[in-house]
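Encoded as structure tokens, here's the structure I'll be asking about.
Naming follows writing order (A, B, C and D), and every chain is counted from residue 1.
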Amino acid sequence: MTVELRSDNAASVSPAILEAMATVNSGSALAYGGDEVTAALENRVREVFEHPTARVFPVLSGTAANALSLSALTPPWGSVVCHETAHIMTSEGGATSLLAGGAVMTGVAGEGYKMAPEALQAHLDGVRWGDPHHSQPTVLSLTSPSDYGTVYSVPEISELTGIAKTRDLRVHLDGARFANAVVATGATPADLTWRAGVDVLSLGATKNGALSAEAIVCFSEAPADELVYRTKRSGHVTSKMRYQSAQLLAYLTDDLWLRNARNANERMRELCAGLGSLGIPLLNSPDANLVFAEIPDAVADRLETSGVLFYRLGGQVRFVTSWETTPEEIDGVLGCLGRQADPR
Amino acid sequence: MTVELRSDNAASVSPAILEAMATVNSGSALAYGGDEVTAALENRVREVFEHPTARVFPVLSGTAANALSLSALTPPWGSVVCHETAHIMTSEGGATSLLAGGAVMTGVAGEGYKMAPEALQAHLDGVRWGDPHHSQPTVLSLTSPSDYGTVYSVPEISELTGIAKTRDLRVHLDGARFANAVVATGATPADLTWRAGVDVLSLGATKNGALSAEAIVCFSEAPADELVYRTKRSGHVTSKMRYQSAQLLAYLTDDLWLRNARNANERMRELCAGLGSLGIPLLNSPDANLVFAEIPDAVADRLETSGVLFYRLGGQVRFVTSWETTPEEIDGVLGCLGRQADPR
Amino acid sequence: MTVELRSDNAASVSPAILEAMATVNSGSALAYGGDEVTAALENRVREVFEHPTARVFPVLSGTAANALSLSALTPPWGSVVCHETAHIMTSEGGATSLLAGGAVMTGVAGEGYKMAPEALQAHLDGVRWGDPHHSQPTVLSLTSPSDYGTVYSVPEISELTGIAKTRDLRVHLDGARFANAVVATGATPADLTWRAGVDVLSLGATKNGALSAEAIVCFSEAPADELVYRTKRSGHVTSKMRYQSAQLLAYLTDDLWLRNARNANERMRELCAGLGSLGIPLLNSPDANLVFAEIPDAVADRLETSGVLFYRLGGQVRFVTSWETTPEEIDGVLGCLGRQADPR
Amino acid sequence: MTVELRSDNAASVSPAILEAMATVNSGSALAYGGDEVTAALENRVREVFEHPTARVFPVLSGTAANALSLSALTPPWGSVVCHETAHIMTSEGGATSLLAGGAVMTGVAGEGYKMAPEALQAHLDGVRWGDPHHSQPTVLSLTSPSDYGTVYSVPEISELTGIAKTRDLRVHLDGARFANAVVATGATPADLTWRAGVDVLSLGATKNGALSAEAIVCFSEAPADELVYRTKRSGHVTSKMRYQSAQLLAYLTDDLWLRNARNANERMRELCAGLGSLGIPLLNSPDANLVFAEIPDAVADRLETSGVLFYRLGGQVRFVTSWETTPEEIDGVLGCLGRQADPR
């Protein structure tokens, strides 16, 4: 048995997506996004997000999606306000500072990797507005689901963006696992984004069945107009863009993205239920497809020996389910843990 | 009849490459390049280039390959010396200036889009070395084949890099169509690059049958050590890198890259021979797979009507052949031109 | 005899300016521009330029004034169009590319270091507007007087800015020697700048009697609002700004700036008249205070021996007069040249 | 009575420094640092710091000194580790991120604005070294005196730099008030800097009697070689540099810098002693010339009415003494506070 629970990044590509790439692989097409597939993608995004003028920029990594989005939302002297654990601040090698011309990031606290409204308010209240000695908050960046597997509800997003808008901050949502948030909340994509005050969304697909495809979705014109240039000059306009767009189009067709995310979330629910039955303490609120749990080292060792792949940090383990995790795999993992927990 | 002669970028993907991507799509794999396919690619590159320590960074666009390569070769106060028509200076939206922290590019003249050694020498002789008022030349960037379809021979490259090395410039080769240069010159990849003084190569694959895959190949350690960080923070490390690496590995396997390039170059030779027979003047020396020709507007109009796709600029046309152009297509194009030339 | 004709940068400081600095040196004052002298300077600039809302940013070098001005006028993906000999492109070490986030500069031709309107028009006509592969011209930067000592007339400026405005370029004037241009043309500061379409002026003072003081003068709000932040984060807001402002205020008071420039220009006229009488060929049209002349090496050698300081380049020499050059010094130089020309 | 206790930045210029500027104001001199005064300054710095190859770059603001120093010490993907209250992180508008190509800053905790060795160690232990997802610590930046008026002893600096060196970090010291630290510790400039592991020092002079003059002092070659270019392209090479150098040379001559700092520190000691006698609680350890104290609002109001200038934040006040604060002024302030404290 090999069960991959290290990362949804380690999963393979959905057959429908690979097929879509093969389908566009006939005949020639204009390079750099001037193709019909990219146009169809933009239309599909507008339907899915119920937004008639949304604009879409396919890119190839989550870091590119985030840093480019932010570069189009902040002037170089701005500060991007995010949770102190945000991926953009801790795990993207300073990409935003590079692509946004030296903009900085400022971490704000909150339980479960979710920004606390009062912490955001306090931060904004403490700023010396208009004083160039101090980086000026210009963007609020939220992450949902967070790297801790927690998800913001629509009211939670609205409350935070409402505070941000009182100071004219623009709003970015890092949705590397956005589909999992849609499934977890049951809210519509529109309600989770522009109707809740989000200006630009990093819409992930790679972790949920695509090959290498993320999309920047702009709900207003200004950042989109900038991204025409910013994507190109950072090397993020692929010549054969139709292969990117085809992935994303397939992803958003026939609810593939939601079906994939639903599988990941449901397998996580089963896993968590099983862990609970076994008396294993969970460390986070696993709203989506990530759980952190406390497992004794010896147990973790044996789980690894059984072929389960996962990350360990001290006495903690992280399990991530994906679009291709099966109920049988979850049963297998729980069975393995059960046998170990059982002293007989 | 539809014949695609606009750009090799408009061609589709080689079946062997699409297949290779499907093949790695089973089971999971470590993200961000920590996979076996990427390791195999590096080994393959070392064989192909006869260089035991070459290092490889798969990226997704030629602009990324060039700008990242140059950012790892020049300090921010440097000047990248290139032909005055170089793609990096005219057609990449300032990517190098962005990623290299404000470095500038300086154009040098030469016939047929190829830098003249005496022009390079004169430029270097005119520099106020060590004077910070003046951008200091730090990198020589050559393009072969050029955007004009011309190719540098090994001695031509060596002469230019020799001049550059007298002033300690490092050398970059923009090889967006490198395979076509290998085929055109008959030289080995090693002779065309590191043995001729090239430090870093942008090795293109997308125009020659890959989906979205270019590789930065470093023949020395220092730029490679930087690129570990520079690729990440510009968003050019894909999580599912194995799909990039698989394309490049297939590309370099069983001489696919050379077979593809050979087809493009041979179709171009046939096309040029035919154009010559028809008395149509060629404007460049079509060493590889691009030709510029003078065709009366009326003739070009009718060619377009017949389904031939190509670019026009005033009285000039550009034809580009690709890995999938067929002899029948060339015959068709020539036949169409012949009928028009024939007044009967 | 020592006569300084190398550069107006080598001159000393006008007594009135040094005195003004001493005068503000009593009592304390708020740092970072929050002082009364800086406020008085802004008012004075508004009077001198007949512009009720002009805004002023004192900085400390011409490179800072230029690069900061341009950074506030162009997005990072823009191209600054300037004469191919412009100081910003050739002699500021890439400062604009750094401070403007990787923007590029594009040289346009023209006689006597002055941009030819038809060359500007041709350049703009050749741009692929809206295509992110190509840097988009966003700013026209003119230099008057040029580094060749030539000066644009008001109609010449208007013609160029008129062409630029048809494509929505903003306009910068590098006026490192602006006072010399005012004196040379007899035009008002307003006519030479905002009334002729200039948005931002680099107003030099250092070469014309100040210690280290240049001013960025903005005739529109948007760049000024950016410069509040851009000056600070590039380290160009001095804490004791009143000493900067005092220099500039004294400079613009009682026409000191024009009196200084008038001296430099008149000494140059005398020098040129004398050179002409001696049959020495002038290479440029010395509208302001710089002349390039052809002098045999032996003559130049003896001139140097006599204590005259100037720059030589091959058979050419450059003479620059300044606010403190005296008629006696010009006589001395001409006398020395005359004796040499006279074989007796 | 007017007593300036807002900031040492608000003080005037030492007569000896203004005089030195007037002295160099005779005759002409080569621009951009090629003058004799700048050469003499470098020699003087080498004597004062007992370092035969130290190199000096005069600049015009503390922000420039810090951001340029750091840009020469870190690659763009690096992280500058500093105290979480460091001026470079909180009060320079992101200058370091701009000039260092998007490098980031990371705050580490510690009492009294001084970094705790164990916090530094813990931070370095937590880094994923070599992983490009995570900004790599490359520079340790210390501030002494801190913005809280606290000063590191030589052993404290050595302990921190020792930890940093185990991970090959380079070390920067923000010495905007360095003279006050020299006086406060009684240590030599050499012992406080390079002998304790400091590679580059921002040596402030503006807050301590200069007009607008700070110096970057490099104790190793590599950053100095970069600064030749980095100072120029950020606009920080003044043409008439001799006026900058003259200030710094006078500052370091006849111990003017130490005499000025000694006055500031001694006045602070008198002030603190007096505040203590009056039972006013001090919030910091005022090692140098800054104190934070708790004064009831009503008392602060009356102090302001009496003509004492200082900053208030809630119930706290900040007093800063300078080179020109007199014992009489301190007496006056204390007298005023005493009268208020006395209910009769």
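As a working rule, a residue touches a chain if its C-beta (ideal position, glycine included) is under 8 Å from a C-beta of that chain, and two chains touch if they have at least 3 such contacts.
Protein names from UniProt, one per chain: A, B, C, D = Threonine aldolase.
The model shown is predicted, which means the values in this text are computed figures rather than measured ones.
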* Structure fact -> Chain-touch separation of chain A (Threonine aldolase) and chain D (Threonine aldolase), in steps, is 1
* To do: Select, from C-D and B-C, the pair of chains that is joined by more C-beta pairs in contact.
  => C-D
* Structure fact -> Per mean C-alpha coordinates, the chain lying farthest from chain A (Threonine aldolase) is C
* Hey, how far is the Cα centre of chain B (Threonine aldolase) from the one of chain D (Threonine aldolase), in Å? -> 51
* Asked: Could you state the distance in Å from the CA-based centre of chain C (Threonine aldolase) to that of chain D (Threonine aldolase)?
  -> 34
* Asked: Using the average of all C-alpha atoms in each chain as its centre, how far is it in Å between chain B (Threonine aldolase) and chain C (Threonine aldolase)?
  -> 43
* **chain C (Threonine aldolase) residues counted as touching two or more neighbouring chains** => 32, 76-77, 92-94, 98-99, 101-102, 132-133, 229, 232-233, 237
* Structure fact -> Within the complex, chain A (Threonine aldolase) is touched by chain B (Threonine aldolase) residues 2, 4, 6-7, 9-13, 18, 21-22, 25-32, 59-65, 67-68, 92-95, 98-99, 206-207, 211-212, 229, 232-240, 243-244, 309
* To do: State the interface residues of chain C (Threonine aldolase) toward chain A (Threonine aldolase) in the complex, per the touch definition above.
  => 32, 75-77, 101-102, 130, 132-133, 136, 226, 228-233, 237
* Touching chain B (Threonine aldolase) in the complex: which residues of chain C (Threonine aldolase)? -> 76-77, 79, 90-94, 97-99, 101-105, 132-135
